[in-house]
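Dumping the structure here so I can ask a few things about it.
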């Protein structure tokens, strides 16, 4: 009991429970669910979606929103593919440049927001159509096909058992973020700014810098997600990123993130992604009407939020304590 | 005493002490959003006419007005929620649901179209109510609630209709989107203007409208002054649903059919116009201040730009990029304007 | 070694429309506690924000140990070992106590990994120093207000400041905690720290401080003079420029009057227990109590924002159920002037017209007539005039008015609504003496016209000026009700004894 | 819209074109407008250019809506009218929703031909010229079944947006062919025109049920690409597959033997002959009501632009085969489907 109340408070406990339950249920109904190849497929989905979620999570941490996550990811993806096809650039520099573009996109967002003080929502709404527009302008909406085989291979093959290569960068980023948000002052500053901007300011934390850093990170991570997706799809699709927005918010929220900022959890967010992935897959495996996916996702979000809500109440200090 | 106020407590209390002079007041008028927008519309309009004479052709003016009308109403639907400091991501989903509902009533239930339209609008309002109720009951930000509800509404709609369109739409209804007064004015545009006037009346001349603004500006103060904040917020969401329904039915008339795909997946295609109108129009995302006229002008400007850029043939693929850029510029200018004024008033 | 550890000389600072500070000076000695007094709006906070590098002075200079210094950011001040405990909460709710204490240091080196055990061990030291018994690992959000206050002090101490500014540190402390705090402060003084102590409670100042600087309307009324030989009255005189007199209004007798508002054995969801309280028509009942005694909370339960769980609330003699604030206002005619004007009282971004009219919209709009500005104006203008609100026009944004005028408006809207019972919470927070006196007369007149007024204030003189009877509240209970004789010494001692009876127990 | 007004609009349009002088004329400005950016339509651009040259047209330009949105397509079409285009080859963004837009185009005097995909009758489009999706899916399935000889003949069908009525046709066709060929459709995965979801769903299915199927029929572009890649990844040639269209990945898959073959359509021919027809319609020709129209689920006035099955041998020279088909259709086109007042 004591144990429960102790872990019941942590963010990852609820999602973990759900993940396990979901896995057991789906697995028992369709044994092949736990087959190596299927796990690999699942991990591939998670590898990319997790990055998408992270890049939103970092912005949620400072209590803002980044609507341009998808646009940045898409732009980075097609630049990555384009540079390799058109300029025959080697893979690594292409990837780095792609990430750099994302970083830049994020920094632009951050700088404008922190200099003008206009709400991130509006700015990223604008930059969303700019980045997306540049993407369309470059590609004329035609995909780039010239993806080197090595990339295609890395994009799909496992390096050990069911573990795909793509999971590696994601794992690194995830761990890095966890380290940053729990152990590094810069991460704590980000959370502090989200938790109480005024106090952070008076404590000598530079709000502007922190905001810019957060957006830069968000951009870079989004770019990485785009590049990985590009490797996985084996084509530089201009439509990459178009459908990221909902997931990018859903996963952190399921993971107990507080939209007003100051509180996010890498672990729980990752689990949020896993849950969504399992559900999506279950719906296919059991040949369930694809139209229902959206409904399920929506309900899932509400349910998760509801749970967190309850926890919030439990954490509230007594009025007179 | 400013230094007690949060404004000054933050590090950027400006040091200038300018007292408003008549000149400044005149300047201030020229700085109003509406004026700025009208100016932009004239400038761009002139520019496009110069570049593409056909820009002023009756046909183009007609379709310009009609497209604008849709964007304007979509903008209004978002605006009435933004007033409360919240937002409604599900406008698109609700709009489509209302449209499909109306289509069903016309085709399957075979109701006369006025009743069907009312039915559709009621559906929209009902869905809005669901949003509002969930928001006030859970105390969560409307962003999360509507993020979820947009999936749910749209999903259920598509699940029920199996994505089949309703196309036996009475001519008398559909014609609203096709008649041209004086060869270039769309009835839909007039409808949009009427709705604007209605909203102006609501916010300026009714207790409810004023309460909406009060609740949006500072819920706690409004509450303690006897405003039933929760009820008001629910009403705002219902109004949003209603307006989304209007926009949806406009599209039904325009397409002669109720199509599930008319606002894209989950109705996301509406989000951009929904926010751009109010934002350009000077409605504060933080709530408490609203400008229906501004929204109307903002959405119109937006449509004008899209249309003009297409005519310029800069290559349709660059249109969106240019749009985004212009939007950014517009927002920055608006910010400059606001801080300019803020320096004169110490808020 | 200079004679003064820290000096602010000839400081001037102006904000748009206001001259906040004008040629203000103060000099702090080493190992001493320096009181900074002044009314709300006299410029104390501004001065502190300048000393801590949040604002830059327009003129004048700061000196540390005799050498002039430039402070461009809070960071600078910290580097110079100038610590501050601000008035408003400055903790990150979800961070642990220890981390909050060392937040400043964190900001310094963004990439050096944190070692929590280490950090907690160090913070332990400061907590012990304050006899604050909390685990450094607990999130601040789970502490009581008082404990948060102490954590803030620990936060400032952790910078081992030589100069420590305390902006009303006792505002939210119980007498107990205050005593502990003073012990600590005195110890710090003996260690050589030089402190600037801002407080309203003159008793505390007398007990604790060595020198005093008094500000009035942004100017020095007294400049770093020893506190010896300065009595309470002298300080008050320095602060307000004249003796504070308690208006000797004739005592009124309400034996015959009928009760307008009566609480009988009321318990509330917020934790009040068997509250008995009666305000008669035309009477002013004072509700006195220390911070955290539950007075504001009681008011909010009366007006229906929070639920009454037991007992009965009677309006004009009839038991009623008040479901919502709107109910209280529109059905039962109860109004509430909030202590937190900026957050709960007014809508700063809206016009005078909108703020004063908000209570009459429903009523005016009832018959479906268009609710024009004209109609609202004609309804509220008399009151705005009668209260002599100084504003260019009714279209002016309330945010642009002075505290006094803002307060007048938050009262005016209730007059416009024609309430039978008016609850006024800390009527004179942040307003100048003249307006204060004016408000007092206004409330008196209001009560003479038969309105029942419930005044909540921790300002003893104000209480004694206004109230016909005084109910003393402590820890969410009514300790007793006494009739006001308007004799300051007598009343204050009786009130205190009522409170301390419990403290002792 | 009531049939009456449509009729009127139609008549009006035809009258207009009837009055026009009857020789190939440079004033003809044709726009070829797909529903949105999609590789399938790429060859329309070339087709338009060639047609412009061969038939001495004012213009035959390929204009793409920036996104696959009905609203975008409508805005583009409207602005094209304003720019003076007077003939349209249109892939309807929505078979139902585009009807009213087409109505307005024809009202403006511009003949419209629904290209590649059809409008739902009644509409004022002159006729629909495209792939008979039903037939193509049907043939494809038959080829697949033939290729699966000696197995349990369990088929996975992957296809596009459910919102697109053609998808329903394809599903029916596949089921029909399967029934006739004694095969079973194990599952139909639809709504996967976006690469991301397609990737997830198809792989998820293969992961779970790879052993429960013997063949895959794909009736949409993206699923073809994704499935082809998936098979290559798994490295199995046990599962036979027939794809659709000419994406590089698909053609390569066919060459390497991961796919039996792919059903090729004729976008070039559509664009080329379509342009020709529009020009004719603007210059005194009328649609021949009594022509041997094929009838499909959407319209009664349908012309098949041709489909061929390309196995390993044909993939390299599939263009030629398309050219051939185009020639044959073109040869008889005018006299079969048009009545020209010459």
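Every chain is named by a letter (A, B, C and D) in the order it is written, and numbering of its residues begins at 1.
Everything below uses one rule, namely that contacts are C-beta pairs under 8 Å (C-beta built on N, C-alpha and C of every residue); 3 or more make two chains touch, one makes a residue touch a chain.
Please read all numbers here as calculations on a predicted model, not as lab measurements.
Compared with subunit B, the chain whose C-alpha mean position is the greatest distance off is C.
Of the two chain pairs considered here, B-C and A-D, the higher C-beta contact count falls to B-C. Centre-to-centre, using mean CA coordinates, subunit A is 45 Å away from subunit C. A separation of 37 Å divides the Cα centre of subunit A from that of subunit D.
Averaged C-alpha coordinates put the centre of subunit A at 30 Å from the centre of subunit B.
Within subunit D, the positions touching two or more other chains are listed as 64, 66, 162. In subunit C, the residues that reach two or more other chains under the touch definition are 54, 73, 88. For subunit A, the set of residues that touch two or more other chains comprises 136, 140-141, 198, 201, 243, 291.
Chain pairs that touch one another, listed by label: A-B, A-C, A-D, B-C, B-D.
Chain contact summary for the complex, subunit C toward subunit A: residues 54, 73-75, 78, 86, 88-95, 99, 103-104, 106-114, 141-144, 270-271, 292, 476.
Against subunit C, in their complex, subunit A makes its touches with residues 179, 183-186, 188-189, 191-192, 195-196, 198-206, 262-263, 315, 317, 319-321.
Within the complex, the subunit D residues that touch subunit A are 36-39, 42, 64, 66-67, 162, 187, 189-191, 194-197, 199-201, 203-210, 225-226, 229, 233-234, 248-249.
On subunit A, the positions that touch subunit D within their shared complex are 30, 32-33, 35, 37-38, 40-42, 44-45, 136, 140-143, 145, 156-157, 229, 232-235, 237-240, 242-243, 277, 280-281, 284-285, 287, 290-291. By the touch rule above, subunit A contacts subunit B in their complex via residues 65, 112, 116-119, 121-123, 125-134, 136-137, 139-141, 198, 201, 243, 245-246, 249-250, 253, 259-260, 289, 291-299, 301-302, 305-306, 309.
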